[in-house]
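One chain, subunit A, links the two complexes that follow: it is found with subunit B in the first and with subunit C in the second.
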Partner chain A sequence: MKEQFEPNVVAFLCNWCSYAGADLAGTSRIQYPSNLNVIRVMCSGRVNPLFVVNALQQGADGVLISGCHPGDCHYMEGNFYARRRFALMKELLEYVGVDARRFNMSWVSASEGSKWKDVVQGVVEKAKEAGPFEQFRRNKINW
Partner chain B sequence: MNNKPKIGVYVCHCGINIAKTVDVNTVTEFASHLPNVKVARNYSYMCSDPGQLLIREDIKNEGLNRVVVASCSPRMHELTFRKTLAEAGLNPYYLEMANIREQCSWVHEEGERATGKAKKLVAAAVSKVRLLEPLQEKEVDVEPATLIIGGGIAGIQAALDIANAGFKVYLVEKTPSVGGRMSQLDKTFPTLDCSACILTPKMVDVASHPNIELFTYSQVEEVSGFVGNFQVKVRKKARYVDVDKCTGCGACAQECRLSGRIPSEFDVGMGKRAAIYLPFPQAVPAKYTIDSQRCLFLTRGKCGKSPKCVDACAAGAINFEQKDEIAEFKVGAIIVATGFDVFDASRKPEYGYNDYVNVITSLELERLVSASGPTGGSVMIGTGEDASVPREIAFIKCVGSRDKSVGNEYCSRVCCMYTAKLAHLVEEKIPGANVRVYYMDVRAFGKGFEEFYDRVRREGIRYIRGNPSEIFKRGDKLVIKVENTLTSTPMEDEVDLVVLGVGLEPRKDAREIIDLLRLSQSADRFFLEAHPKLAPVDTATDGVFLAGCAQGPKDIPDTVAQAKGAASSALVLLSSGRVKVQAQISFVNEATCRGCGFCVEICPYGAIELVTVNRMGHQVSVARVNEALCKGCGACAAGCLSGSVQQKSFMDRQILPQIAVLGGMR
Partner chain C sequence: MVDLEKLKTAARETVSRDDVKYLIGWRQGTYGFRVSPHFVKEPEEAEKLIFSPLCTNNLATYLVLTERLPLPRGEQPDSRKVALMVKGCDSRAVVQQLIEQGIKRESVLIIGCPCEGVIDLKKVEEKFPHLPGPAQARWSNGNIVFHLPDGDKEVPKGEVLAAKCLSCRYPNPVMTDLMLWEEVQTRGNDEYDDITELEAKSPQERWLFWEDKFSSCIRCYSCRNVCPMCYCEDCVLDRLNPAWVFRSNNISENTAFHLARAFHLAGRCIECGECERVCPVGIPLMKLNRKLAKEVKEKYEYIPGLDPESKPLQSSYRPDDKEDFIL
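What follows is the complex of A and B.
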């Protein structure tokens, strides 16, 4: 039963590095699991911690935030904000009992198509190990 | 106007790129049942004229007021489709794209899964597009001037083109003279033009052009602002020589106590200079500079009784009190032409570059064969009385290129041809010399290259396929250990001189430019262009362009071509005089803002300030966004405690539905 579980991961990618890196993976026809779906934001600094909690509430089994490498942010320091917020939120979520394997952060540059594949594989694998997430689940989608 | 969303969804086949894996009919059928979707269609190429016409017709006939295009990456065609909407009279920001090619059909071979994911992506786009708001694109004036960083041939060419078009150019060069790497070369392949003869007139033009302000021995310290309106701060380092008085006579350098004792950068250490120096005879400007790291007076405060250069200078140009100066100006566009470093051959210890005097790099040989070089153009090993003329000469190519062990997987593109050129020059300078070239492959791809390579081989230069494993000394000869990979025979070759064909590397100080302009690097660590095919001189930062080897190794013709490309891209901006600025910026709901100032602290651009407003008779402070400064990163929106600061097109209430769809749909 556990082997058949296909996790659902929501990812927030910055437009300049990670989204471009994911595009490059596509252009290079690098194959990776289809369990992860991307929401594009201009900067990882735009990712409100609320988004992560919301994704888990809505039914995601894992979340990924990915931005430019530290120091390479297109907006100078947005990825540092993202990192700081992520660190705080991770502690909070772990405190309320959410498996730490469900939330991930990575740095993927516009030239790292193959790294993007590794990141997706890792994130999906971890979500798979953590199993289906029911704790926060809302009963219905409210849009 | 009735603003109830009427959405059109357009699923692109992209030929077979999408349709091969994603079942476009299923996706279209699925999309047609999504809330507020009026029309759902698929078509072979949405970006083509008929594809765009399809959208325009539907907007007109079906009264669509929102559009979702499910095709390639928005980084590819978002602008195309925004234009389509605008042409049909719809606000261009009523568009959302679902990336079902780069992030779906191309990365998931399995059709059912790819189709499932495409459905989710389309549903997420539909959920967002319903809530998008129309945005107005603001235009600002473009400052009619350009900053060019780097005074090599790329920077020189770009500067001349822009200046000739009638616009102001600020050309900033780090070293005391313009000219760059090209000035160090003797002849250029494949035509054997004298490098200096074709370069120096351009150097002189740059210095004398009325539209060009030349900053040599200077560095860009700070760049702020945005496309069309960059503020630039340049540090003019103290030369300790008054350039208005210096006549360039050189008496100071002759008298300097350190004359002939400091390795010359221009001659890659093969020649020597003084502490006060002109980098090379044709330097522009022909003004001397005191090396503050070396000068006895500047480092120790004492130089004999009095500095000899001061006594020697009839013009009284030497001024030890000189201080760095800061120049500030505004430009509309920036061209980065910072060039490259040559590979440090000591990183391949098996070739003994550090151990043997007769193992030299190609750039060193370039100085040796040059008439203006340290030996006056004769190829010699060693200096002084021990100097000898080599008879047996070997070139080794791909040193530091196509070599994963040193982290350079790329081909440096010039080594094959400069090796052929240097081999030819050596053969010419030393009659009867035996010259051979060890190579992995010969890449003679440019105009006239193959013909030149052919000519060189006919002149008697032997090409031996093999990558030497080691070089060691035996008697007074060097022994090259190598396997001839065409005959599969290991061999040892005794030679007098080994020339390492070193590759091109990104500059060690590239980080300074990255930090200054927020540029990205590609996997080879050169600066990343906006698109490898269609935007090879643009960068991700609007208004910043690339020219020359800063973007990747290239030869002189390619560098000049790219410099002209960068110049023309800058001129497009300057001559139109107006530029559209980012519309997807932040805004504040002043009614709910509590004036805590978190966003003010967060904003990396200082674009938010607290202002006092009258709220029902009370003076309260609220945040306000300066629209000209905001770059639209959205960091403030994520930090706002009350959700009062939002980013247009990326508002919480626009992103949350996407999350709901992607999280909730199985």
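What follows is the complex of A and C.
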């Protein structure tokens, strides 16, 4: 039997909304795919677009960035800046030929446990369809 | 029309001023169609200044590249102005530096040279190979006249102008303290056709295109060093701890380098084309920069380097920015 490809998805979650939303999904015992590697950041505005490039280099097949809904940012405006940045980063990645399904961004609030489940299912499904990422993955370095 | 005497007189007067440190202009290079930057500190040095279709260099880089050594105790920093000769595109670089507060308005004196388009050195060298000595050129009624050792040659503009000049939207400096001669007509309206063409291909085709280009990169960082907008004192590409982009020369690191470089110019690139001009392996870097410029223009109706009062694109936002890509 051919083993099914399990993608490796890196998720940058903001501490105040999306991380709490994922936590709620956990405490509510909502089932969702376990392909996610969560990295907690203080705000989606803290995510440097180079994190995405670096994640893809180091073996991610998909990237998800999630923050508070616009207007709900704990730091007032962090997610507005993130939105501009990643709108451009997404265009740039697609332009050099990275599959559009690999980069995702979402707004998930602390009370949206079920939305979080839908988002993760969607992201993992898309990463599965896109297949393993090999375009500019970093080779293992043997020092 | 280009008036060299007026240029030299203006330069002499400028350099004689007490509040001007030096003037940066162009002078004849040592061979072929090359042109060097010329730093005029004394009025008599102004004799060497030129302005011709060969003056491709964007001198705005020198405003931000100045080395700022630690001062001896008790010494005051030199607060005199730097005078700078600018073409249309160069002036946008200066304005963008002002927007970002990379330089102060009172520390620079802008001398505007409306420009009818500069050459692409590669195209010209193909036309006139193996030139024994330095050559000159001038604009003449829509053509460019080259003064070569074996006589003058007149060439239509379309054959030798740089790609950025053929569709130039801002041939006249957008901000000046002194305009040297009357403004020229705007040549084209840039519709980003080359970008649309590449966008229309499939992701695989696009990656094959860029993989080929990126893998030829030798990571000389010329594109970064020549760029008038790349002036961070602590560049992310130079960081070692943490190392954002490794120094090894392979497709992974090269791609990361080019994505980082292009992204750091998103909403800041004024499309002077210097990066592409200096690239020793001919990577079409402007195709990356112009893609982002196109997106910035379409998404946020923002054109960098025009209004010194505006805020930088990525440190401002509108609550109603488009978010159709967000889940």
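By definition in this document, the second predicted complex is superposed on the first by the 137 of 143 C-alpha atoms of A that agree within 3 Å, B and C clash if a C-alpha of one lies under 4 Å from a C-alpha of the other, contacts with A are read in each partner's own complex, and residues count from 1 in each chain.
Assume a residue touches a chain if its C-beta (ideal position, glycine included) is under 8 Å from a C-beta of that chain, and two chains touch if they have at least 3 such contacts.
Treat the numbers as computed from the prediction; the structure is a model and nothing was measured.
In the superposed model, A:Ile30 makes contact with subunit B only, not with subunit C.
When the shared chain is aligned, subunit B and subunit C each come close enough to touch A:Leu50. With both structures placed on the common chain, the touch criterion links A:Gln4 to neither subunit B nor subunit C. By the touch criterion stated above, A:Tyr75 is placed in contact with subunit B alone, subunit C being left untouched. Once the two structures are superposed, subunit B and subunit C can be ranked by residues of subunit A touched, with B on top. Once the two complexes are overlaid on the shared chain, A:Trp107 sits against subunit C while remaining clear of subunit B. When the shared chain is aligned, subunit C comes close enough to touch A:Leu93, but subunit B does not. Once the two complexes are laid over each other on the shared chain, residue contacts for A:Arg84 go to subunit C alone; subunit B is not touched. When both complexes are overlaid on chain A, the residue A:Val41 reaches subunit B alone and has no touch with subunit C. Note: residues 49-50, 54, 57, 71, 77, 81, 85, 141 of subunit A belong to the subunit B contact set and to the subunit C contact set alike, using the contact criterion stated above.
Remark: subunit B residues 73-76, 99, 101-104, 106-110, 113-114, 116-117, 120-121, 124, 127, 514-515, 518, 520-523, 528, 540-541, 584, 602, 604-605, 631-635, 637-639, 647, 650, 652, 655-666 touch subunit A in the complex. Listed in rising order, the residues of subunit A touching subunit C in the complex are 49-50, 53-54, 57, 70-71, 77, 80-81, 83-100, 104-107, 119, 122-123, 135-139, 141. Contacts from subunit C toward subunit A in the complex involve residues 198-199, 203-211, 236, 244, 246, 248, 250-253, 255-256, 258-260, 262-263, 266-267, 288, 291-292, 295-296, 299-300, 313-315, 317-319, 321-323, 325-327.
Those residues of subunit A whose C-beta lies close enough to touch subunit B in the complex are 8, 10, 15-17, 19-20, 22-23, 25-27, 29-32, 34, 37-43, 45-51, 54-60, 68, 71-78, 81, 85, 109-112, 141-143.
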